[in-house]
Amino acid sequence: MNIKDLDREEYILSGNSSCPGCPASIGFRLIGKAVGKNAIIVIPASCMTIIHGVYPHTAITLPTLNIAFATSAAAASGVSAALEIKGKNYPVIVYAGDGGTADIGLQALSGSAERNENIIYICYDNEAYQNTGIQRSSTTPYGAWTTTTLKGKQEKKKDVPKIMASHNIPYVATASIAYPIDFIEKVKKALKIKGFKYIHLHAPCPTGWRFPSEKTIEVGRLAVGTGAWILYEIENGVLKLTGPSKNLIEEGARKPVQEYLKVQGRFQHITDEMVKVISCEIEERWNGIKMVINLQKVNGT
Amino acid sequence: MIYEIRFHGRGGQGTVTAAELLVKAAVAEGKWGQSFPFFGAERRGAPVVAFARISEEKHFLHSQITEPNIIVVLDKKIMEAVDVTDGLKEDGVLVINSSGLFSKESLRNFRICVVDATKIAVSLGLSVAGWVIVNTAMLGAIVKAVPLVKVESIMNAIRNNWPERVGEINAEAARRAYEEATVL
Amino acid sequence: MIQVLTGNHSAAYAALLSNVEVVSAYPITPQTQIVEKIAEFVETGKLKARYVRVESEHSAMAVCIGASSAGARTFTATSSQGLLYMSEMVYWASAARLPIVMPVVCRTLAPPWNIWNEHTDMLLVRDYGWIQFFAESNQEVLDTIVQAYKIAEDERILLPVMVGLDAFTLSHTSEPVDVPEMDLVKKFLPPRANVPYVLDPSNPFTLGNLAYPSHHMKLKFMQHTAMENARKVVLEVDDEWYKIFGRCYSLLDNFMCDDAKVIILTIGSSAGDAKEAAKYLRKRGIAAGVLRVRLINPFPAKEVSDILSKVEAVAVVDRNLSPGNGGIILEKVKSSLYSLKNRPFIKGYLAGLGGKDITVEDYIKIFEKTLESYRKGDSDMEWFSINLEATSL
Amino acid sequence: MKKVAAISFPSKGVAGKTGIWRVRKPILDRNKCVRCLICWIYCPEGTILRKEDDSVEIDYEYCKGCGVCSNECPTKAITMEEE
Amino acid sequence: MIQVLTGNHSAAYAALLSNVEVVSAYPITPQTQIVEKIAEFVETGKLKARYVRVESEHSAMAVCIGASSAGARTFTATSSQGLLYMSEMVYWASAARLPIVMPVVCRTLAPPWNIWNEHTDMLLVRDYGWIQFFAESNQEVLDTIVQAYKIAEDERILLPVMVGLDAFTLSHTSEPVDVPEMDLVKKFLPPRANVPYVLDPSNPFTLGNLAYPSHHMKLKFMQHTAMENARKVVLEVDDEWYKIFGRCYSLLDNFMCDDAKVIILTIGSSAGDAKEAAKYLRKRGIAAGVLRVRLINPFPAKEVSDILSKVEAVAVVDRNLSPGNGGIILEKVKSSLYSLKNRPFIKGYLAGLGGKDITVEDYIKIFEKTLESYRKGDSDMEWFSINLEATSL
Amino acid sequence: MNIKDLDREEYILSGNSSCPGCPASIGFRLIGKAVGKNAIIVIPASCMTIIHGVYPHTAITLPTLNIAFATSAAAASGVSAALEIKGKNYPVIVYAGDGGTADIGLQALSGSAERNENIIYICYDNEAYQNTGIQRSSTTPYGAWTTTTLKGKQEKKKDVPKIMASHNIPYVATASIAYPIDFIEKVKKALKIKGFKYIHLHAPCPTGWRFPSEKTIEVGRLAVGTGAWILYEIENGVLKLTGPSKNLIEEGARKPVQEYLKVQGRFQHITDEMVKVISCEIEERWNGIKMVINLQKVNGT
Amino acid sequence: MKKVAAISFPSKGVAGKTGIWRVRKPILDRNKCVRCLICWIYCPEGTILRKEDDSVEIDYEYCKGCGVCSNECPTKAITMEEE
Amino acid sequence: MIYEIRFHGRGGQGTVTAAELLVKAAVAEGKWGQSFPFFGAERRGAPVVAFARISEEKHFLHSQITEPNIIVVLDKKIMEAVDVTDGLKEDGVLVINSSGLFSKESLRNFRICVVDATKIAVSLGLSVAGWVIVNTAMLGAIVKAVPLVKVESIMNAIRNNWPERVGEINAEAARRAYEEATVL
């Protein structure tokens, strides 16, 4: 797929309330380009709630249900159930933040996944509760400043895609707003699979991560390039690296994580020791991936 | 009398802080004060509004301010998008950050105080990430236009708010603006 | 056909008769049999519906909201802890104006754990914008749930409806229920129209995004007005039901109130025992009556007031508690009658909390106590049938 | 459809003319532009207008001036200038 | 020391001054600054507490319940959706008799989303067995939270306490607050004693297992009695506070009511604007007064009744809605006055929903309208300051 | 460790309300023997709620907090936080059913795990909501009858230990009431580790699974022997098979799953096809385990 | 400690003398018993009483007759008999 | 008159079903009836209680039954643990499943009907998992002791409840018990 092939239509209109350089907007634009107009969107409380504007107007051109913070996967299950019983065949797509996914929405998410509801759940991960002003979420990475972790978060980032993969759903993928084609291809693949699809979209947020608004994509690219964020998909249990991550299995291929950290104000205060912890964490995560990939090779999948 | 002040700025300019500092200065003088933002999502660059009430005596008000006595415009660009004079009392004052003597047809009816806060701020090196920080300078201009509190009180409030050099420079910005502001 | 059914199975049959399309519920004693029976209907193909077996009540109501927003007729049921666990979504369903129907099997809230009957759970959500009925019998449970869909989906209403039934005394009690013919019910209740809106790409819009104060207040006004309409629409629907099925219920169940001197006002199945007490007292020459409130929300303030204005003494029996304040129905009744010229004497009783039984003898005592207190002018609320000293803790 | 709840319809500029938010303004140098559409795909606002011929234009009415387009343009065809 | 503080920071300072030991909260606009500030206190070592950064409000209250059961002084804070999401545990905390304190920054409930001020959230949990205060100013927020621990931990009470403050009009409004000295506060509020129980292997027992009806009802009675005690204990504690800090609040804030002919009864920060309106009317010769209810639960029925019995007309201004019924405070006031011989004329107003501002001019109109309606005898509830036709939807 | 070494004291007294042959009781008895009297117990709504009896009596001799269904991990976090701040050092142990763990309690569980709270969470998995009368839970296995899945559950059993392992907590283990020493050793190990410990205890329930009460242990043994339930522990990320499962890596070593299924009434109706699905599922799960173990060998851990 | 909430204290027989629930009764043959304590560790009720010398006895007052002990006894020392 | 009946059985014996079948038989005869369990956790083997109310006319009662007219004991063993006659009306009847003529000092005051339901059930092969299913037989005995409904109605209610052979055998159990029951 090539940029030029992409849909010219916009599904989130300009002049909306996102911050300049907002990754959530980018993510949503890309979803639109992958899905087109025949889909139903479900959005829990999050930056998206604000972004699409104030009643009686909306920036989103797809039918959209705003719903309570904890419930997006459940509400989407309901929409999907209704469509099924009515014989309608539109994809139902959740677009939720990391808080609404990994924290307060996790239970509904896990339940829907276990029931293998026919929905696509996309989490845009800006690594904190940005809408309420940058509080720690469980996907905030170790060491990051937020307004509730002034000295940096003490715990590691919750690995939601891994948790979702442990649910044995047909499709799990990670993506980054810095790699639009990779992301769009994943959404398009998800559209073709019946059952529960989970895509975790890395979404560097200038406001919350404290970097200049023009660097949104750059920071996203650095996350992938340093291996701090890994692009992969798991289709029916088989893991595949995608995009640039394919070539980063060996540590040497990856940029030093400092390059990623230093552009972000939220990591300004961190010590060398903390950087070491972060590097180790990255190393470990890659080891896990490597393990799985090698084994798959052995097993011929 | 209760002075009601509305601040117009843009997200990232410290508009809300300006309102709060004005109140702190007033309270330090034994007056009563109150400040509050209009709360929506405050986006970088987007128009922002904040309010303050200053009075000699304590009062019980908590309602919004719709007919202010003073309007403060931190960024002239706002005026392209927002009718900043909306609700301004007939004998009200407009304090505007502007280079050059600012006058606009529609503002004719009001007293206008102009200060080049941007220039002052720039000259003092008050800028963060592409933004010139004019909020403290504007405070000096306000008390020039209307002697709500002494400029020294403003300067002290600023010093108490930021440590050391940052406080000093900002206090200096207020002082200079106080001096340079022109009431038309 | 007359069948012997528990209250829970009556509720399940009502869902079947209403041809609900999406059901989502989470088990909780004593509601469980409702969802089990519906699971059976769905799995045996009797009911063409998706049954979404969620992981919690909060999700159950969220599924209903999603499904209802996409146009399906939806059903759920819960009780006590489950009702509170979903309460954020209970409020949501009404403000979103979705015609969801939910029986609530009323049970005492924990701690300590308790599975028996109390009405506090349902009354705690009385201000959430749901139309609330409370049934006296299993027949009424069934009839009311089917009626509920007709009411909920009425253009003048578009609000969710809750139907309360007592834990065990109805939910697990088997009694004769006339189960209407499906064909007749279909005539009474056609499939849900596309109200109030249906999420569909053919007409894209966004539901529920941020609204500024004036708009929000206007929406609240409309919701309030729709709720007020309920008092009328409930009667119309009840009338229609009566014409087809020969049974009707109205807003209030007026049992010998018209010439009564003393009235017990209460809700739920226990009102029946109060009626038996009234019959007994009538035999002894005391003009007793029972006013059972069936539509508990919106509270039929005027209708209650009209009836009570004619009596001397009223006993309000509350099987619920607002700690530090007293009975919730008592508060509603008193405030409803505030502007009456001639107000009756009203005495409140807290009875049957935690599932304590209230017997016919108890009601006889309440009638007698009320008359006596009326003579003495002692209107202090009383804790009834609880030996406060003897019950050791 | 009865309008009893908060139903909103799609519209541009739900937050007003967001062009006013800008501190810096992206300026496109047509000569340098190679029509790769990278700015178009990355612009968070959808304010890089993609023409029939895949040339681009900037919608200043709504462009918030974030600078992403400029930062990502491989030929440096977009530069940010103070407003 | 006089500081200029927002309502949220006042709440955070109160937690600091109370030396809370376990804090658990979840962010929500407009409460967020409370927890952010407390996070700062904890991380900078100012406050020796464990701050548990939970994944939801339901868990926040569960953490508080666990910690409080194990003897710690605990604190949380929430708003609107968060309050409903935790509501199962809100009920639990009271029935478990745990002295937890929680400010609630009152905000309008969704849908549609709305972050501004409304009191419905807090009033929806009024019957959950929490003592509820509602503050008019940031000073009162701070003072009341510290008082709340003393009240909650009193042997005659042992109940949780909620302190309401208005979204934005207090939470985000900076005003002068006299922050008391830590040493003085320590004298006023000693560390929590081992009440009502402490989970510990040295004395093993089980909390909250199933209880049969009689026992359950007895427990409810005890909870009710403790709630009733609050009316007295609140005054005692307030007295003690006054002796040390020179400020006091009582149950009701009686603003020129004693000789008033017409009174506005309301709650929250907006009462101040009503007071300004009353001052204005007094100047014009109208004997206006304002009765602000500070202790909203248990409702001080007798105290309210005593004051209102002496006036001609009362306007109850509700910034909340029970759809189909009206204002919740109105219902409480009417029912409180039911047995009065001479009842004042009462008219209810629904105002300020969804965060709509209520101005001094509005209150002046309400006073005037009330007097006029009184003359006409028209006591119908009114929707105030909403142009129902003009506001298009 | 040997049976004879075990604590003679009982921490749940006889004459309680469990069904005859109840596995939840067995599990709790064993915990007592592992922990002794210095611990605090947290119990959500479940069979245990009923088992320990009606106020004012309790069968449990340890201090115990009954708590709402969804909250055991959070309430335990609270207890643990209070103990920490008070300088007390008792273990806090959650004993919860599978519904209270995998469904309505999952979010609080996941949150506590991410915060690495210092508690031991033990889920006794009787594979349905037994207390409310045998409704499906997410850990009900594929094919099993419950009162809400009359034709057998259509979805697979949620793999909670795997999900918990994805949370990177210091200790995750599975256990079975049929292997008491194995279980007790795991609890004892958990007592020594700081942070979040998760133990998933397989608990065949005669009432819900429809087998005669004397077969509780036998069914548990069959689950392990057929490989339908696998005993292992994951300590700091390293997986180890334990007990009889150690010798069941190769399919040939495992009994045919039918032996496990046929004693249970809840599987009475299942077809050969369904048996095949179940066998495959088991096979897959073992393959996963095998993969990990082999890799650990390669990596020398 | 103020007793204001539902606080319960440990006690045997919270469900009464549960021996009455039995349909079948476990009978121990002391001669066959090898004191392996398997019945003791598996008994759901704790009604296999372990003596000082690791011999066992059955507490019929509370034994519910589930049969687990009998089923698990490796020497078949416990048999279930109709009550 | 309203007949109130209390059933004592043990978990797993179908005590609640017995009460319900009695009601179904009554309703089929045009009478009014109501049955309900005492709800606690029903454990296999543990004492269980269920209730029924039978009357000619519809009534409004929903309160508990504390002073029954008839008490039915499905399992004599219960009487070791529970005072089954608690609350029994003075002229009440006890229907007991017992081999041999059952008489106990404490029951002297009441009419007693005895039936060896266990024997009947066993002889008909009515047993499941070690349990002899006596509930249907007991129904026959009840209507022998007190003619609440015809035994045929009981038999029909049973047949409607279970398909084919199971229904038949159980109906037969009721019939036999009706014949064999002895009212002392």
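Going in written order, the chains are labelled A, B, C, D, E, F, G and H, and every chain counts its residues from 1.
Quick note on the criterion: a residue touches a chain if its C-beta (ideal position, glycine included) is under 8 Å from a C-beta of that chain, and two chains touch if they have at least 3 such contacts.
Small disclaimer: the values here were computed from a predicted structure and weren't measured.
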item	value
Intersection of contact partners for subunit B and subunit F	A, E
Pair exhibiting more inter-chain C-beta contacts, C-D or A-C	A-C
Whole-Å gap between the CA centroids of subunit F and subunit G	23
Rounded Å distance, subunit B centre to subunit G centre (Cα mean)	81
Separation of subunit B from subunit C, taking each centre as the mean of its C-alpha atoms, in whole Å	56
Whole-Å separation of chain centres (CA-atom averages), subunit A against subunit B	41
Residues of subunit A touching at least two other chains	17-18, 20, 49-50, 52-56, 58, 60-61, 66, 68, 70, 103-104, 106-107, 110-111, 114-115, 131, 138, 212-213
Per-residue multi-chain contacts in subunit E, two or more chains	29, 53, 55-56, 58, 81, 85, 88, 92, 95-96, 110-113, 115-116, 203-212, 215, 219, 222-223, 226, 357, 393
Residues of subunit D whose C-beta touches two or more other chains	3, 5-10, 15-18, 21-22, 64-65
Full enumeration of touching chain pairs	A-B, A-C, A-D, A-E, A-F, B-D, B-E, C-D, C-E, C-F, C-G, C-H, D-E, E-F, E-G, F-G, F-H, G-H
Subunit E to subunit G touching residues, read off their complex	95-97, 155, 158, 194-198, 203-209, 211, 215, 219, 222-223, 226
Contact footprint of subunit E on subunit D as seen in their complex	3, 5-6
Complex contacts: residues of subunit C adjacent to subunit A	21-22, 24, 48-50, 52-56, 58-60, 62-72, 74, 88-89, 92, 199-201, 203-212, 215
Residues on subunit C engaged by subunit F in the complex (per definition of touch)	26-29, 32, 35-36, 39-40, 43-44, 51, 53, 55-56, 81, 85, 110-113, 393
Complex interface listing, subunit D residues touching subunit B	15-18, 20-24, 64-65, 83
